[in-house]
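First subunit A sits with subunit B, and in the next complex the same chain sits with subunit C.
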Partner chain A sequence: MKNFGYKPAPSRQYDMDAISQDLYHRLIEKEPSALRCLMCGACVATCMANSINGFNVRFCHLLLKRGKIDMLGKELEKCLLCGKCQMVCPRGINTRSLVVRMQEIISELTFKHLP
Partner chain B sequence: MLLNENHRSDIIVVGAGPTGIEAAWNLATLGYKVEIFEKENEIGGNIKKVFKIFPNFQPSLELIHQFNTKILHPNITPRFNESVTQIEKSGQNWQVITSKGNKYQSSALILCSGFKTFNPEYKEEYGYGIYNGVITSLEFEGMVKSNKIIGSNRTSPQKVAILNCVGSRDAKVGNHYCSRVCCINAVKFGIEIKELLPQTEVYIFYMDLRMTGQFYEELYRKSQEIYGVNYIRGKISEASQTIDNRIQIRAEDTLLHLPMKLTVDLLILMVGIESSESTSSLSKQLNIQGEYNFAQSRQSITDDNATLHEGLYLAGTCKRPFTLPEALSDARAAALMTHRYLSQRSIPMET
Partner chain C sequence: MKFHPFVIPFSIGFILFFVFVGYKFLSWLQQLTTEQKKNIRQNFFSFKTIRACWETIRESLIHRNIYKTNPVLGYMHMSLALGWFLLIVVGKVESSIFFKTFWEEPWLPIFFKYFSRGSHNHIGANLFSFLTDFLLLIILSGVFLALIKRFYSQIFGMKRATKHVWYDKITLLTLWMVFPLRLLAESTTVSLHSGGNFLTGTVGHWMIDIANPEVEIAFWTAYSVVIGLFLATLPFSRYMHIPTEVVYIFLKNWGVKSEDVPTGFTQIQTHSCSRCGICIDVCQLNSMCEISNVQSVYFIRDTRYRTISQQVIENCLLCGRCEEACPVNLDLTKIRKQFRTKNEKLTSPNIMNINPKIHSNVEVVFFAGCMTRLNPTIIVAMKKIFDAAHINYWYIDEFNPLCCGRPLIQQGFIDKSQQLRKQITELIEASGAKTLVTPCPICYNSFREEFSLSIEILHHTQFIHNLSEKNRIQLAKAAQTFAYHDPCELSRIAKITDEPREILKKIGILHSTQHEKNNSLCCGGSLGNLLLSIDNRKQIANRTIDCLTQNNPNTLITACPLCKKTFHQVKKIPVLDIAEIVAQQLKIDKKRSNPNLLNKKTGITA
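Let's turn to the complex of A and B:
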């Protein structure tokens, strides 16, 4: 095939039928308060890390919910675990625990082949 | 034409839905003779099409039974299968002409002609009336009533999508207003589906969730926390049929900044509230038509039941979308205004 030096961009559309919510269900088992999330973003607005390194706990939560975990491990490392987000959450979600549980789930995935 | 003596009353109420009956019954208990006109052969209006009332899941049949008791009040004369086609002022009185060609007169008149739901065939991108498995919220109420939710393949659905704001907040169909009841109704549907079919995934697509009433927000939270209903912020742009006869929908997951597609077995369109045919035509005749063909009161904040005409009052969803308790309160308010008007009227009635 002739090489034009470029190719069609892959579609940005994601297929909800293809995604797996298994990881999200595991998160809910560990931290059930996550179910209450309204996606209001108060946690991100108050976040110390967000203004420096762009850490976004709401978005990380949503990525896991939609099964899009490619970049999640790296993103979750940006959290300072200060817990300020927990104080502003209108639905009383334990957001710091949420971050730690997501980190746990991602590391379980990464290291599950190890003894 | 000489008016039959039986065709005279103190008050005429147009419409025997919850609002009409509540207004009529309140006035009847004060001793007024009330005549109530209904185009159908039974009471209830739109409430008949609903199975359970939000937010407390009270069966609508219970309410209909209560209204059936109220309409038996000896001062109320119900006239079924007789719709009001014309309303005019005749001296000090109001005169109505009905579909049966009869003339009736009264001293005061309350318009409770209600609403109809938006016809989603106008939003053809959702494929209502084209694909099996795309239904309106009222058709879904029927499914819950018969205890059997069926998807496009005539089987129990594995995935259900519910779309808010069909025919409301939509400039394309000329309805800029919010219908107010659909958000909480969608939450109610989510819970009803999860109770009947716990394995089914429910996705509610919304632009905003307007949980304005008492216990609405609590019910929304319960649907997330206990029932695990999925809420996706984004309006469905189109629905199409897959080769295995399911419904594929496209939307933007606006919180994720990504377009998405999803295949479901049932797509429920939460159709908005529009002014009914009677509301449109009667308010036009009476020269009190406001925006979106609803009837307009004299002043929507401080004088919401009176109109530009003396002795003509409005109640309920002929003015704008209302929830059921709001419509009933409004009916009682209209009844009080009518009572005050009739008790202060100094001129003796003409006969």
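Let's turn to the complex of A and C:
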């Protein structure tokens, strides 16, 4: 066999059936408007935090869908909750609520002084 | 005879009342912070105490604030409160005179007509019997109005009244039964032993056929039971506001303030709420979106009874309209923010990494903020104004976006916002500027409340007004009519309402609108609310803009970039920020103009 000097690329296929959709379903329960997302990226384009520390809300949503949540908690912390993404979203998704709900699911974010 | 078994239910209730109320007061006062306790100690023996006494009479008894909302509602609350207070005082005075001692058994003034039956020649007997009858009639008119309010709340100016929980309804019933039963009991005694006046005498006369000692004791017992029940359940019901509101008024006058975390002062406030429901009608979530289970009255009640849901905590615009309307002046917005605090477990101490090039030796720092950057025309206008007045300024977030952190604080992310504040403070201090100007009232309030900067912080309306008064800029008149929208954060929180109006009056004709200054409507774009759908927000924006444009002005002017963006999405007439209309009307002195000013059309410097 001739050595061409490179190897076949690893598969980029995601087997959605092998991934547990549990977290994503919990997100949809809390924030049903997330179902409308078509990953257009308008949110990221206008994001303030993206210019500061590279926060990418579309990517976070995608990671949650694909069940890859290892770095998700740390990434979600970067959001400023400024609301510009919500203003430009063409589908009218409540993106701020989406970020906070993802944090509730991934990092178990709770109220500190709940009476 | 100064005792009868029928006084026992009252006495038990009386003792329980003092035990429970006393225990709660002591535990809340003990839970105050050191700072708050110091405020009490320092101001206890001062003029502020007298001021607090006067406020107690004005608000807790006469209910002046409620009269301002609606006179009938005010009379209803006043008749019950002031009437009952005076009835107790007059009863106590009469009883002390009759029994010739101040320190008497507590039930004697309450059941005075029974224990004094037969002898009516003490000093002032006629006057006292007239006063007690008159006051009882006033209270009964209040009870009657309260009953009507259950069915026809519109008469009291309230479209929606509070939906009470079942235990509140029980205490309410006992309260309503107290005075009719008192009337019946006193009238029976008067019918048997005389000594009444115009009210008890008349009713006593009507009861002459059924009046006998057994019926008399039955009515007095019933009266004693309902009072006892009312007093025993009061500390756990909405009527806890009666004693607690007085404590709140004194603490407030002594300078005690709400903190960023719930303290004993928060407890005192949640128990001072009488659930009058005035906050429901003024809330735009109720009037414009038909959401009527999240208003302050329910939020306060649910935190008090520990049944609070996430929805009630989060579904609030933080616009402050309820706080303005609250007759008790509770810190409603601040308390809601206290309970929103999140358990952040930040993984990094340096979430926002800002390393901009620092300009030093500038006069003014211009902080645009997130929302202004979504409105580049405001920034262009401000640059034009700065240049016309020859200000040496640094546009601090021109190349590096910065956020003041207030949206984070409104959702309870306190630690993250602190990181932001630290970095921004370092930048501002390095610039050497004496003044910070921002076009965004949200950022303005953040700088004033959360940051601890030593420089002057101005909203751009204040800055422009200053420049105009000192003649550093001249404004040309325009043949236009304006309507001005007071942003929530500017009018109610920052309390800046005059400067924008002064500026607009110099430029054109300013219409007045139905909701102005601290009564202005919220545009609906508030970042304080995490749950509102986009349709609900559009509803609020539409209704608000309809209110503002009732008199058909040429242009709607606002002083907040978030309001401007929100109105733009439902726009019916041109919406401009105040900086833009000022920049449009600037008289530029061509000879003295800044040589660095770039001409927009030709790209050539002037």
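Here, the second predicted complex is superposed on the first by the 93 of 115 C-alpha atoms of A that agree within 3 Å, B and C clash if a C-alpha of one lies under 4 Å from a C-alpha of the other, contacts with A are read in each partner's own complex, and residues count from 1 in each chain.
The rule we apply is simple: a residue touches a chain if its C-beta (ideal position, glycine included) is under 8 Å from a C-beta of that chain, and two chains touch if they have at least 3 such contacts.
Quick caveat: nothing in here was measured; it's all calculated off a predicted structure.
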Which of subunit B and subunit C A:Gly83 touches, first, second, both or neither: second
Touched partner set for A:Phe111, first subunit B, second subunit C, both or neither: second
Touched partner set for A:Met39, first subunit B, second subunit C, both or neither: first
First (subunit B), second (subunit C), both or neither touched by A:Glu29: neither
Subunit C versus subunit B, contacts on subunit A by residue: C
Subunit B versus subunit C as contact partner of A:Asp70, first or second or both or neither: neither
First (subunit B), second (subunit C), both or neither touched by A:Val100: second
Footprint overlap on subunit A, comparing subunit B with subunit C: none
Residue numbers on subunit C that touch subunit A, as the complex places them: 261-262, 303-304, 306, 308, 310, 313, 338-348, 351-354, 370-371, 373-374, 400-401, 403, 405, 407-408, 411-413, 416, 420, 527, 530-535, 562, 565
In the complex, subunit B residues that touch subunit A: 221, 224-225, 228, 233, 250, 253, 255-256, 258-263
Subunit A residues touching subunit B - in the complex, by the definition given at the top: 12-17, 32, 35-37, 39, 58-59, 62-63, 66, 68, 91
Subunit A to subunit C touching residues, read off their complex: 33, 46, 48-49, 51-53, 73-74, 77-78, 80-84, 87, 92, 94, 96-97, 100, 107, 109-115
